[in-house]
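In what follows, chain A forms one complex with chain B and a second complex with chain C.
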Partner chain A sequence: MSIAIEKTQAPARAVARKLLRRDDGWAGLLFALPHLILFIVFLLGPTLYGFFISLHQWHVLAKEHPFVGLSNYKAALGDDIFWLALRNTAYFVILVVPLGNLVSLLLALGVAGVKRFGTFYKVAFYVPVVISIAVVSVLWQWLYNTEIGLLNLYLKTAINGLRHMGMALPPFQPLPWLSDPHWAMPSIALMSIWWGAGGNMILYLAGINNIAPDYYEAATIDGANTWQRFWAITWPLLKPTTLFCLVFSVLGAFQIFGQSYVLYGGGSGPGRAGLTLVLYMYQQGFSQYEIGYGAAIAYLLFAIVLIFTGIQFKLMQGREEK
Partner chain B sequence: MRIANRRRPLSILVALCIVLTGVRCGTAPTDQDGKDGNKIVVNFWNGFTGPDGKTMAAIVKQFQTENPDVEVKMQIIPWGTYYDKLTLSLAYGGAPDVFIMQAARFTEYASFNTLKPMAPLIASAKPALTEKDFAAVPWKATMYHGTQYALPLDMHPIGLYYNTKLFKEAGIVDDKGQAKPPTTLTEFLDDAKKLTKDTDGDGRPDQWGFAYTFQHTNWLTFAHQFGGDIVTPDGKAGSMSSPACLQATHLMCDLIYKYKIAPKPEGVDSWLAFRQGKVAMAMEGIYMLSSLQQQPGLQFAGAPVPQFGPKQGIWGGSHLLCQPATISPERSQAAWRLMRYLSDHSLAWGGGGQVPARLDVQDSPKFQEMTVQAQFAREKGYVVYDPQIPKANALNQFVDPAIEAALTQFQTPEDAMHDADQRIDQLLKRP
Partner chain C sequence: MIKFLNRSQIGLHIPMLILALLFLAPLLWMVSTSLKTSEDIVNSLGALRWLPHPLTYANFHEVLTNVEEFPVWRWTGNSLFISLAVTFLVLTVDSLAAFAYSRLKWKGRDRIFSILVATMLVPGQVLLIPTYLLIRNLHWFDTYQALIIPAGAGAFGVFLLRQFFMTIPAELEEAARLDGCGPLGVFRHVILPLSKPALATLGIFTFMGTWNAFEGPLIFTSSMDMRTLPIGITIFQGHYGAEYGQMMAAAVIAALPVLISFLIFQKHIIKGISLTGLAGR
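After this line comes the complex of A and B, so read on.
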């Protein structure tokens, strides 16, 4: 009997639900509209248009933009500066992602451990994240200055001090932080870590605070020392956080632009050592006005980042299923 | 249902607001006919952010008092972003009626038909204005494929600035006891050696005889003197690895590493060092003059660049006055009046650190009284510009890093120049 009632009522209910849904749909759409319009006009539209542009020989000033198929992509893949930029970008990712995350984790562990002034430390470490990268770069440009920079001044004082104490150190030579091709990318990486470490620190801190204190209590009772507690409890339970941070660090690091752009004033640094893929794209598109070529570089970067993201999300899914 | 119904007006309202705000933004008042009341508005763009901007503003102000029917709206945009803004305005609308174009960029813009041909305006000028009124080099720089697209305002050659106090201290003086600038390579090396000093005894000189301030213009000056250039004379291939250019590059490197009279150009602000009296000689454009005049306590003078190679030659540039191809005839006429006025009154412009393109102004006694300008103007017969080809600016992305790589010994001159040529050829072959 009850089943029959269900059946007779079902179509009416379904219609009502559909109506409601349709209504909700319209209202929902309207509510989403402000974001949707911005998303379509400023993100989706340009993204698709960019792909269209990348298939053309497109100089900003030219009246006609002939279709050239994939030859912009072919030209980019045959361009040794493109590969150099990719190598520099990859070097930056390799430097910044593991080291940056290590620093963030250490900061988080430290901040989680302090009993007093916890908020002060949190704010102090987080403040650089709030500063614009342009400001950070200008600031560090002075710190890195070979002749009058603060970093070299401190190093000089430290080394002279050690020599004074009788250590057999060679006399101090100022480090060419930004003006030597070998130092350029590590310097940019160091600055970027200082700039971004606070962001991931907050995430790690949240992860650490989510771990139930019972585990630590139990471990302490069993006689585990600090290292053992970290290695057996904190580290494994932090893995989802770590993975999340790694994924987003990689995505962010591949898109490095502002650092090189400001430090090297739109140039590429000594021996092009500061040239990154996004900077190269910018130079081609907006300094040379060859936006077809620039768009092709952008899509190649997009493809690389997409592959990395795919791999990492697979990894993340695998973890969650376990 | 009911809830949904209540929501709807709100969402419509929100949507309406957004649409309306959008519409409001779109209908900002414009003056497409170029008239503001009864005056014709002439928009004038340039990149004169330094003291030269003030000089230009003063000339423009004078123009306005003499031409009350025209209102000039001058906009100064830093050179770093100037061409980006100009390019977009020429491509998508909103271009100024008169704008400054540097000779190094001129051919690029002319080749895309974005500039208005100037010959009819110049021909109709009263009093008449002809080729004979202008220095030959900047006049030639206004031509593209036989058509004239600009009026040359000035020329800015590179010249030798030298610190007269340091020269006198080192005893490099003439019969009258005045500092004596070098004119040949031998003199230059002798003087520079005397002027390079390690005053605090730490094994590193803290006063240098010479320094590279702007590698691009310095390299082109050396290269021209050996008969070399960035591209071959037909503009179709790179020639930075030609024997002439390599000789020039080696000499430049020798000044740093063999003769040790110039610092390695790495993390040093050489121009600042010259201003502070830590460098005795530098080769810079005449437009840097005002930056020296403002330096308290600096005693300096200007001279033609010494002859380093087998022939005379120096880098130079020009500010050219252009109109956009799309300008209306009425505004073009008004804009032309401003251009003509700037040309006629370029003596004041020269005072700010330029050599006016007009020969009558160059020869005027008042200009001859401007000592540095007059000294630099002596070089006008052998000024060479950046290559006058459409892709000249695009080539610089290979040219400048190659020069830097050679001067910092990141690469040998041979390797650096060879790499540059390969890339230049690749780019020139691209359609």
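After this line comes the complex of A and C, so read on.
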């Protein structure tokens, strides 16, 4: 390979061309190999192996793992707790994805709009993202405490204050943030939005900053107000960013686990209201040791996520063509 | 600058400031609680006080010195070692692979790369059960390698670095080739020095992601000595339960290293997210 180029120009160029229009042969595979081995053993392999496991009645401690076909899947679809976990997870996705992205977008618009202290705002909104879900959950468990949690203390102060001022409000009842089945998912969603909104905010902000200022200037000259400029310029031009954020938010939200696990100490919450698909997979696989069944739940989750991602891409493409 | 909101800047700063305080409040409350006495925490009048009075370090003392039950220093050491090792592994194998997929020509390259990209849609949680079995079969259960080696398998870093490597002008590589550099020379002398920002971004995110990882350490380790800080937090929780002073002290200890590194590298991190589309998880 290492041919010194000297002598006259013309042959040198020929050699150069030959050198550059090359095939690196084994070198390419060699460079890719360390990662490729890890990828095959610990990612591609397990992806296929997980499906294989899901086709067996597989108890961790048992010696034999009889092949049972799709029985685990059938069992899951006939399992009321699986459907409950799916409903809870879907509820979480519906709460967190639209609302979370709306918050992220609004924060990004705000940060893009300020002329000073932009960095301070960015840091303030992003800082929860860098904290572990375990820390986030124990912190919010404290904030959500019914008797002496910060949220109920402030609500109590606010409501008592308003009553004092003569407003006809019922006396303050502490909100059962985590202890009431109806409140469990909304509380988990609120905490999750606080935790994650900063990440997508930065992505929306990057999208907004990529829009050429000329568009806005032209629109302003034409007399468009802030609202019109947003719908005519920012929103359509932000579509790729929005699609990206939505797809990955859905992907992430369906995989919710740590929140429920830490808030409810490994349990499922009141009336199993905190039970999510991955938590159910964990309980089946690592508490009951029925990893065949756990793997089937994981694959059903995988299928759901794939369908949703597909639908989102279709929807966004369809809208773009109109 | 983009003029989104034609109103006066003050009208924008007021809601933004309130929002910023709302986002910071839980963290400030965490620090505040960790420095309070238990009487001060339970008494609701004292509880609404943001500045602890009297201020006490007893919670930190309790959490940090009870090493028999809670080997906090060991957990911190584990988190640090595992995070550094994963970062080193990911940067090494991913940069080599990204070089192969972006700057070298070889048979099957594009087909393999498209498989890599497709697997980015595989939810990580789907891999937990098969990886757990694999780790047990390798006799890696409850070891460092169980938390380090599988972390090098992801395709995202390769994808990210490949995108960056492709923006490096071909002329630079050609010049090096004509000077007699082989692929390894081009990689070391041209690609790597020019890719420091991308490598730093991937490195920081890998480090933070590993430091905060929850499911892996929960499932692939079992002994007290092999746990990491996030799992340690749940162990504290099982013990201290409603003693929030101690709980918050433990939470501060687990969060402080990433918080400090974030504040130091915040400019780089935020730029990194917008460049790479990594939302930091």
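Operating definition for what follows: the second predicted complex is superposed on the first by the 290 of 322 C-alpha atoms of A that agree within 3 Å, B and C clash if a C-alpha of one lies under 4 Å from a C-alpha of the other, contacts with A are read in each partner's own complex, and residues count from 1 in each chain.
As a convention for this text, a contact is a pair of C-beta atoms (placed from the backbone, for glycine too) under 8 Å apart; a residue touches a chain by one contact, two chains touch by 3 or more.
As the structure is a computational prediction, the values presented were derived from the model and not from experiment.
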item	value
First (chain B), second (chain C), both or neither touched by A:Lys63	first
First, second, both or neither for A:Ile311, with chain B first and chain C second	neither
Chain B versus chain C as contact partner of A:Asp180, first or second or both or neither	first
Partner chain(s) touched by A:Thr146 [first = chain B, second = chain C, both, neither]	first
Which of chain B and chain C A:Gly285 touches, first, second, both or neither	second
Touched partner set for A:Ala27, first chain B, second chain C, both or neither	both
Partner chain(s) touched by A:Leu36 [first = chain B, second = chain C, both, neither]	second
Chain A residues touched by each partner, larger count belonging to chain B or chain C	C
Common ground on chain A, meaning residues reached by chain C in one complex and by chain B in the other	19-20, 23-24, 26-27, 30-31, 34, 145, 147, 265, 286
Sites on chain A touched by chain C in the complex	1-5, 16, 19-20, 22-32, 34-36, 38-39, 41-47, 49-50, 53, 107, 109-117, 119-135, 138-143, 145, 147-148, 150, 153-154, 157, 194, 196, 198-200, 202-203, 205-206, 208-209, 211, 213, 216, 220, 225-226, 229-230, 234, 244-245, 248, 251-252, 254-255, 257-258, 261-262, 265, 278, 281-282, 285-286, 291, 294-295, 298-299, 301-302, 305-306, 309
Chain A-touching residues of chain B, taken from the complex the two chains share	1, 4-5, 7-8, 11-12, 14-15, 18, 80, 84, 87-88, 90-91, 108-109, 112-114, 266-268, 393-394, 397, 400-401, 404-405, 408, 410-411, 423, 426, 430-431
Interface residues, chain C side, partner chain A - complex	1-7, 9, 12-13, 15-16, 19-21, 23-27, 29-30, 33, 41-42, 44, 47-48, 92-94, 96-97, 99-101, 104-109, 112, 115-116, 119, 121-134, 149-150, 152-155, 158, 174, 177-178, 180-183, 187, 208, 211-212, 214-215, 218-219, 229-231, 233-234, 236-238, 242, 244, 247-248, 250-251, 254-255, 258-259, 262-263, 266-267, 269-270, 273-275, 277, 279-281
Residues of chain A that touch chain B when the two form their complex	19-20, 23-24, 26-27, 30-31, 33-34, 37, 57, 59-63, 75, 79-81, 145-147, 176-181, 265-268, 270-272, 283, 286-290
